[in-house]
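Chain nomenclature is as follows: A, B and C, assigned in order of appearance, with residue numbering initiated at 1 for each chain independently.
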Amino acid sequence: MNGYLVSLVPLIGVNAILALGLNIIAGFCGQISLGQAAFYGIGAYAAALMALAGLPFWLTLPLGALTAGVFGLVVGLVSLRVREDFLAITTMAVGFLFLGLVRKSALFGGEVGLTGIPPSGLGPQGYALLVVGLVAATVALSIYMKASWLGFAFASIAEDEGAARALAVPVPHYKLAAFFIGSALSGLAGAIYCYYARFITPDTFSFLVSVSILAMVVIGGIGSTWGVLLGAVALTLLPEIFRFAGEYRQFLFGLALLMVMRFSPAGLFGMLSRLVPARLGNLRKARA
Amino acid sequence: MYYVELAVQGLIYGSMYALMALGLTLIYGLLRVLHIAHAAVFTLGAYVGVITANATGSLWIAFPAAILAAVLAGIAIYRLVYAPLLDRPPLVPLIASVGLLILLEDLFRIVFGNQGIAFNENPYVYMTVTIGGLSIGVLQLAMFVGSVASLSAFAAFVAFSRTGAAWRATLGNPQMATSFGVSVAQVRYLNFAIGSAFAGLAGVLIALLNNYAEPGMGTIVSYKTLAIIVLGGLGSMRGALIGSLLLGVIESYGTVYLSGGVDRDAIAALCLIAILMFRPEGLAKRIAA
Amino acid sequence: MTAILEARGVTISFGGIKAVQDVALTVSKGELLGLIGPNGAGKTTFLRLLTGILRPHEGQILLGDVDVTHRSVDRRARAGLAVTHQIVRPFRAMTAVENVMLAAGHGFTRSPLRAFLHVSRVAAERRAMQLLERVGIADVARRLAGTLPLGQLKRLEVARALALDPQLLLLDEPLAGLNQNEASRLSDVITELNRDGITIVLVEHRLVEVLRIVDRLAMLDKGRLLAVGAPTAVMQRADVRAAYLGGADDAGD
């Protein structure tokens, strides 16, 4: 592999894991999150602080994920109180709150962020391989989860929470599980990013990043593991392939989101599948 | 005196939030769409205001031009984006709206540059007046007066005019529209027009206050006003107004007393999360009760 | 006879309107109780209070001898209380059999971890197919629920509720929207279920069917329990007749 490609792999991997994590929350369980960058950031900052404190790489990665997962549980608790539109805005607010706290805190390096993060010790090739392995594991987890009774119950909650409860599904526990797993995956992505970039700044975790993650999910096809994976790869590569697009990257993101929602809400790849449009329909709740 | 000054500052910002939040509430109340791209309409108002003022040298032309541009943009957004998506799940128009905001913000950046554009001359920036021993910037005062005046005019229109009555009845029950001789579509257009006009006005006022318009100026305002309307109980106009003023004041004090812990822009998030944990329906119910 | 469910002085109001007012009713183990009343009498609201979708402003609800007033819907369902919705709520994106399977797998869905550790749907599917057969819609098992007509969705609701292996089944107008044939067939199924040991509360508009199958009859009017007792005795009361014929206003209190 040449150096350029090797350097791209972790980036693609980070986005893929972020998107697959959000897909568990939004695609499987039907809960909207507009603040996923916060968990990405929590994972990255947690891993960075632990790495700077001297913890070994193989420990910081899972601990970063776990930290983000725990914060995900807290936001999950909010999701038990508020629904739909309220939840969308609340998660958006969580993203801004995270940035607001990090920017002002000396512990997190303020606006400058954290630098001097030690290398993973695997070398670029080894790191790329590890990331590929982690993406594969995340894909496998998603596919298994969807096939398991967990995925089955998630699908029922996504479609009609009330009906699911009447069928003895303890909905709050499931929502918390979705937020925990999805956020832990975002945290894992953050930890991976932290060793990849070796420095982190608050801007890496802005609202735009939350939206980009959402874009990968919906453009790929919400609820579909392969679709979301393809969405993540495509949206990471497009600006890289079309270098000229660099300046229009955001513009194209916005345009893509708008056009996909306007003309094919099931996502580009999801169009092929019968289940995905139905799953998206699941997000509609009775608004009597 | 210092406390009073902070409160006054807060109310001034709160009045601007109110202009924005009212539009969002109107649109949410009728369509159940979280119109995040409202921020782009606000930014458009700012740009058109600056450009027109620089071209003509007159704010008297700049304001109506900005408002007109905002109204046209709002109507176009409804027509081209939301109207075709109304029977979709709520996530669809929401994401479309986010996409539209990003697209338009970047368009401003691509066309007018990263730095934004400034007024050629803005003699009011440093002018102050003294009221009751309190020194207030002329533009801040203008923002407050402008917001209060336009919101009052709107309230009067709703309360006293025939169209206002029809409009109010229709908000509660869209099927009523026909009995007033208006169509549901007309009321929707009217909503977008009024909401966008307020956003355009707020845009120029903020541009004047900062002396320039920049591409990303809407994002933070958008997130805050969304937080406000959620706080206010989504769809409740009174809740939105009270939430706006409250957030303005809390931010004003918070910037002084919380500055070590969080930055100004995170205060809205803090309020939102804190209040929703205790009142998942927002403030409106308590106010109504 | 032991009580399986008891409502004690249950009251709820919506913005000043008392939809259910001081209702005290005991359901005995094994019985088939009919609950009737004119439109808007509060029948659906009462069932919602029993299942926990709504919380009473006053009063208590006991399941067996446990006070479940503050328990969530899913915990009551797990304790053996199943319900069908008057306005059907199928998972439209799932097939009919999947709808029933989800309920049949209530052992797996007890907790997210348990659900995560189980994949096989074979047993749940077998059980679901039996139930679909029982209510007479096995032939549409593989169709998406969203594409089924109302009559079949009504029966899907019943199959789904049965898949919870309930002790007590609350049926909210299960016969509405069914043609005469389907209705009498489903009410036969209801009687059979009752004979198999499931206690049933049946809210139903079709008096003929109700009177044909119930053991006991309760009548709600304007949120109040007007009468309870043997079906013929209840139906003979003048106030019940008046209320049922919509002449409640002249009946006097």
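Note that in this section a contact is a pair of C-beta atoms (placed from the backbone, for glycine too) under 8 Å apart; a residue touches a chain by one contact, two chains touch by 3 or more.
Since we're looking at a predicted model, the values are computed, not measured.
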Open item on the list: By the document's touch definition, which label belongs to this structure's chain graph: line, ring, star, complete, or other?
Closed with: line
Open item on the list: Which chain has its C-alpha centroid farthest away from the centroid of chain A?
Closed with: C
- [ ] Return the chain label for which the distance between chain Cα mean and whole-protein Cα mean is smallest.
- [x] A
Task: Separation of chain A from chain B, taking each centre as the mean of its C-alpha atoms, in whole Å - done: 30
Open item on the list: I'd like to verify one number: the distance from the centre of chain A to the centre of chain C, where each centre is the average of its C-alpha atoms, in whole angstrom.
Closed with: 41
Open item on the list: Based only on mean CA positions, could you tell me how far chain B sits from chain C in angstrom?
Closed with: 48
TODO: Provide the list of chain A residues touching at least two other chains, using ranges where the numbers run on.
DONE: 281-282
Task: Of all residues in chain B, those that touch chain A in their complex - done: 28, 32, 34, 81, 84-85, 88-96, 98-107, 109-110, 219, 223, 226-227, 230, 234, 259-270, 272-273, 276-277, 280, 282
- [ ] Flag every residue of chain A that touches chain B in the complex, lowest number first.
- [x] 26, 32, 34, 78, 81-82, 84-86, 88-90, 92-94, 96-97, 99-101, 103-105, 207-208, 211, 214-215, 218, 247-248, 250-251, 253-259, 261-262, 265, 280-284, 287
TODO: Can you check the complex and tell me which residues of chain C touch chain A?
DONE: 51, 53, 72-75, 77-78, 82-83, 85, 89-94, 98, 101-103, 105-106, 108-119, 121, 144, 146, 160, 163-164
Task: Partner chain C, residues of chain A touching it in the complex - done: 144-145, 147-150, 152-153, 155-156, 159-160, 162-171, 173-174, 176-177, 275, 278-279, 281-282, 286
